[in-house]
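In what follows, structures are represented as structure tokens.
Below, chain A partners chain B and then partners chain C, in two separate complexes.
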Partner chain A sequence: MADVTHDAVHTEHVTSTGLSSTKLAMWLFLASECLLFGGLITAYVLYRGQSTTGPYPQDVFDIGYTSVSSFVLLASSLTMVLSHNAALARDYARMRLWLLGTAMLGLTFVGGQVFEFTTFYHEGLSIKTNLFGSTFFTLTGFHGVHVTVGILMLLILVVLSFRGALSDDPAFPVEMVGLYWHFVDIVWIVIFTLVYLIPSPKPPGVP
Partner chain B sequence: MASVTVSTQKGILRRPMATTGFWSWFTTVDHKKIGILYGVSSFAFFLIGGGEALLIRSQLAKPGNTLLNADQYNQIFTMHALTMIFLFVMPMSAAFFNYLIPLMIGARDVAFPRLNALSFWVFLLGALFLNSSWFLGGAPDGGWFAYAPNSVVDPGNGMTFYAIGLLITGIASTVGAINLAITVINMRAPGMSMFRMPVFVWMGLVVQFLLAFSLPIITVALFQLLFDRRWGTAFFDPTRGGEPILWQHMFWLFGHPEVYILILPAFGIISEILPVFARKPLFGYQFVVFSGIAIGFIGFGVWAHHMYAAGLGPVANTAFGISTAIIAIPTGVKIFNWMGTLYGGDLHFASPMLFAIGAVAMFVIGGLSGVTHSIVPSDYQQTDTYYIVAHLHYVLFGGAVFGIFGGMYYWWPKVFGRMLNEAWGKVQFWILLIGFNLAFAPMHILGLGGMIRREYTYPASLGLTVWNQVSSVGAFTIALSVLLFIINVVRTQAKKRALETDDPWDARTLEWTTPCPPPAYNFAEVPTVHSLDEFWHRKYAEDETGRLVRVPAGASGEAHPTADGHGIHLPSPSFWPLVISLGFPLLGYGVLYSWWLIGAGAVVIVVGLIGFVLEPSVAE
Partner chain C sequence: MSLDPHAPPRPAPPVAHAEYHPSTREYVRVGLILIALTCIEVWLSYSSIDGWKLIALLLTCTLIKFLMVVGYFMHLKFDNGRFSRLFALGAVGAFTLYVVVLLMFGVWGH
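And then the complex of A and B:
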């Protein structure tokens, strides 16, 4: 993914499929990522309601709060598209603005996650407390790291665009980072639904 | 010489330019040099893993032996497996794929040359990290599949090294897999359609997809194991509701595709060697290709046959027994195709051919013993005994390692411009074949006689002594054969270039149209491909009676390029892949020892990635 700027230049004109190698590589990488999140989500779902001690999901979740931060993250997919559109229109000032906007929304989401993790920790839920803590923090933590990597890529794109190093076609690297960004957003939809929205069965004996 | 574009940028982001000399190996992005780096380092690990095997066989050479204690034995057999699988066969396959795939499809390099360098350096540093555990309190000792909760409660740092070491080499393999898969899909020369690709390239493509889709699964499991060990999570802790069986599922969901990751490259090598030395096209090319693809798919649906004894119940065991029996079909198709290729051929028993036939024959034995434990009740008798050890060595040593040796003899002149000595090669083959069967055939008998896998010693009263001694003699015979190979290599490399022709085997595929060794740019002119076995058809046509006649040199436009490749743009070397990869062991030691090191590792990786992105492109 870090390769978006250079190798694309060379591989684009003559490829066997006519598609950019960088784009194909990004798709294959995302396909591989599906199995990574698949494994993490499987572990969460398998262990739902299996914790032997509290706190349980219903004790700590604040659905309203997380809904807002989820909305912020999903909104960033829109700004990502807008920045790609601006790049296609060769309006680079607007492209930078939307890239920065996307990064800011991403940062808001990650900041919200840090706050949420801290709150949970103070309410007695850590990664070692019980199965819920282990699976929850691992799954959402991996997602948070992915968002953070995405933010870094967005910021690098902005820096590169100022250096004039985005090759002849800035829309292309923006599109590549966009693919990754949308993927991370879509994964969050799955996580938010499975982890937060669908209520976890209570273990026997818990009121 | 190819011109290497001089970058105008100054300072730290300036790209290194040297393409020769000692230091150029650290910055090279040439797929051929990276292939050689992979080959040399994985062969070094082969010798280390082999040394560990000799220690195991020395310990088992007599009952009640005290050469090693139980703890040392556990570490040595675990590291023997990890080294042979992750640090030898996988990277050695990567060596062949890296070197040969671009040459076979008529490309000048892989799709992402710098990522290629990155995947090599991350692999090497991950491998060194894993082996550094020997000096830091003890190596992993929980077996290569590290069953939980044993691997969680295991004291010492060994299993933590296991988790982190495999995570790092897994990252290397994922990067390499994406790169090579895209190379095959997108970098083919004009006319090189998917069904004109050599079978070796096809097997390479299947392996890269297997890697890309199975490694993330073990990545998750390794993180869970690591978190359980290091940060007290409850994933595999039964006292807190965790289920150790989850580890087994995750491990084998990766572990079984891994088996095909190990063997398919050898299948590809065999499929290249047999037609050349039988002087016939591969029999049923499409069948070989599609059965390889089928193996790739079905390989994801058989994992629980490793877990019959875990108590999944009769329904699951039956289902996985059936799918396991089914996967024998495409494998059998390949065997028959290879036999069909040999049938009626004009057979030349040069060393590559001997190794290829040896690989097929030994793999058949291992495959058949594999079918015996696809049957659940039979497996109950065999699981965790030496019968399994015999089976896995027949497929992995008999199949993969024989194939790899065949590939080395076959492509050595291509890579180094010198022929390995044929007489030595044949002697090496026969000693290896005898030693291999002496070492592993008795394990069938030992296993059925009740010898448990992984026990560090046995009492004389069990009557296992004789066959164990035969096996140990076999192990040292294998070592002798490997020693002969090394002497052969040293003798060959000490000679001046002694190759009269660039096509010593009268081969069939594109890589032999280039000089030996190929120039940095591979092809002075990108070839146009008209058929499967392109090079063969450039050399031979059929007369009216159907007999082969040689096409006069130059008549088919194959004329050895007189162009000197001037003006071909090649990617400049880069040191950022090495910088990035240095961050991974730092992260690893950080997890073990200090948050400061984690921070340092993360900084190195991020700085390296930024440098990687910002360094000037060669096009400037």
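And then the complex of A and C:
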């Protein structure tokens, strides 16, 4: 059984294109994710200034708070690449440490998002309140779910690494999970600017 | 591609991995630049600059951050060009969708 697993891993790395099929599939997946988030961001920008009732973006957004969340997610991208570098150097203890650090920073971000959603809800904004609420919660909620999935992937990597169940080349799975994690980060880079920083147009009739 | 069923199989080329990986120091430098750009963005949003000038400056910072993460952290700068083209396909598709829909609904005309 062990030989079969080894052969399977080996076969995957020899392809007619010279490219790893796993990596190609991951990039294809990320390209499709661009379209998903492109659609959600477009819907948000289209509808944010169309609400007939409040609260409006300028009533609920706290740029300072969201900036801290952005710094946390950027820092997690840095710890992710440091984990990959440690895996390449076959320093597995450090690799696990950076993976756990990335997961913790991701958890901090998601926790911050849950707090932000709760605050908005108490201020009268829910997914059903108006067009801004619907598109905002859908967009940032989808992103939050992606971050949560990324955290689970990171924790699974750590567990597999402790159990010695990663392949002969642990740098490869770390790189794949890293690609997903960095993608989640670049989506947030775009969301942070388009949703939070660029001022929303005032709806018709609102002074 | 040979159609001869008796032709000997061609040896598969080795899998292309990123040949160059930035050092820890380079990654930290990129991380610091990203944080600095985010600080500039936040400062811009509080500044007296407004209108299209503000939007242009914010989008420029965002584009630089996007390209730095994709290029350095996701290794596209050092990896096989086919990965870049594949990802660009999705990113350009998303951007086109964004521009076309917003133009259709006249969002920038208001």
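Observations, loosely collected:
Quick note on the criterion: the second predicted complex is superposed on the first by the 195 of 207 C-alpha atoms of A that agree within 3 Å, B and C clash if a C-alpha of one lies under 4 Å from a C-alpha of the other, contacts with A are read in each partner's own complex, and residues count from 1 in each chain.
To be clear about the criterion, contacts are C-beta pairs under 8 Å (C-beta built on N, C-alpha and C of every residue); 3 or more make two chains touch, one makes a residue touch a chain.
Not measured: the values here are computed from a predicted model.
By the touch criterion stated above, A:L35 is placed in contact with chain B and with chain C alike. Looking at the shared chain after the overlay, A:L46 reaches both chain B and chain C. Of the two partner chains placed around the shared chain by superposition, chain C is the only one that A:S67 touches, whereas chain B remains out of contact. Look at A:S16: by the touch rule set out above, it reaches both chain B and chain C. In the superposed pair of complexes, A:L131 makes contact with chain B only, with no contact to chain C.
Judged by the touch definition given at the top, the superposed model places A:L179 against chain C, while chain B stays out of reach.
Look at A:V190: by the touch rule set out above, it reaches chain C but stays clear of chain B. Applying the stated contact rule after C-alpha superposition, one finds that A:A25 touches chain B and leaves chain C untouched. On chain A, the surface touched by chain B in one complex and the surface touched by chain C in the other have residues 15-17, 19, 24, 28, 31-35, 38-39, 46 in common. Those residues of chain B whose C-beta lies close enough to touch chain A in the complex are 111-115, 174, 178-179, 181-182, 185-188, 192, 212-217, 219-221, 223-224, 227, 231-235, 240-243, 246, 250, 569, 571, 606, 609-610, 612-614, 616-619. Here chain A touches chain C in the complex through residues 13-20, 23-24, 27-28, 30-35, 37-39, 41-42, 45-46, 49, 63-64, 67, 70-71, 74-75, 77-78, 80-82, 84-85, 88, 175, 178-179, 182-183, 185-186, 189-190, 192-194, 196-199, 201, going by the rule given at the top. Per the touch definition, chain A reaches chain B in the complex via residues 2-7, 9-11, 15-17, 19, 21, 24-25, 28-29, 31-36, 38-40, 43, 46-47, 50-53, 127-128, 130-131, 133-135, 138, 142, 152, 156, 160, 163, 165, 167. Residue ranges of chain C in contact with chain A, taken from their complex: 12-17, 21-24, 27-28, 30-31, 34-35, 38, 41-42, 44-46, 50, 54-55, 58-59, 61-62, 65-66, 69-70, 72-75, 80, 82-83, 86-87, 89-91, 93-95, 97-98, 101-102, 105, 107, 110.
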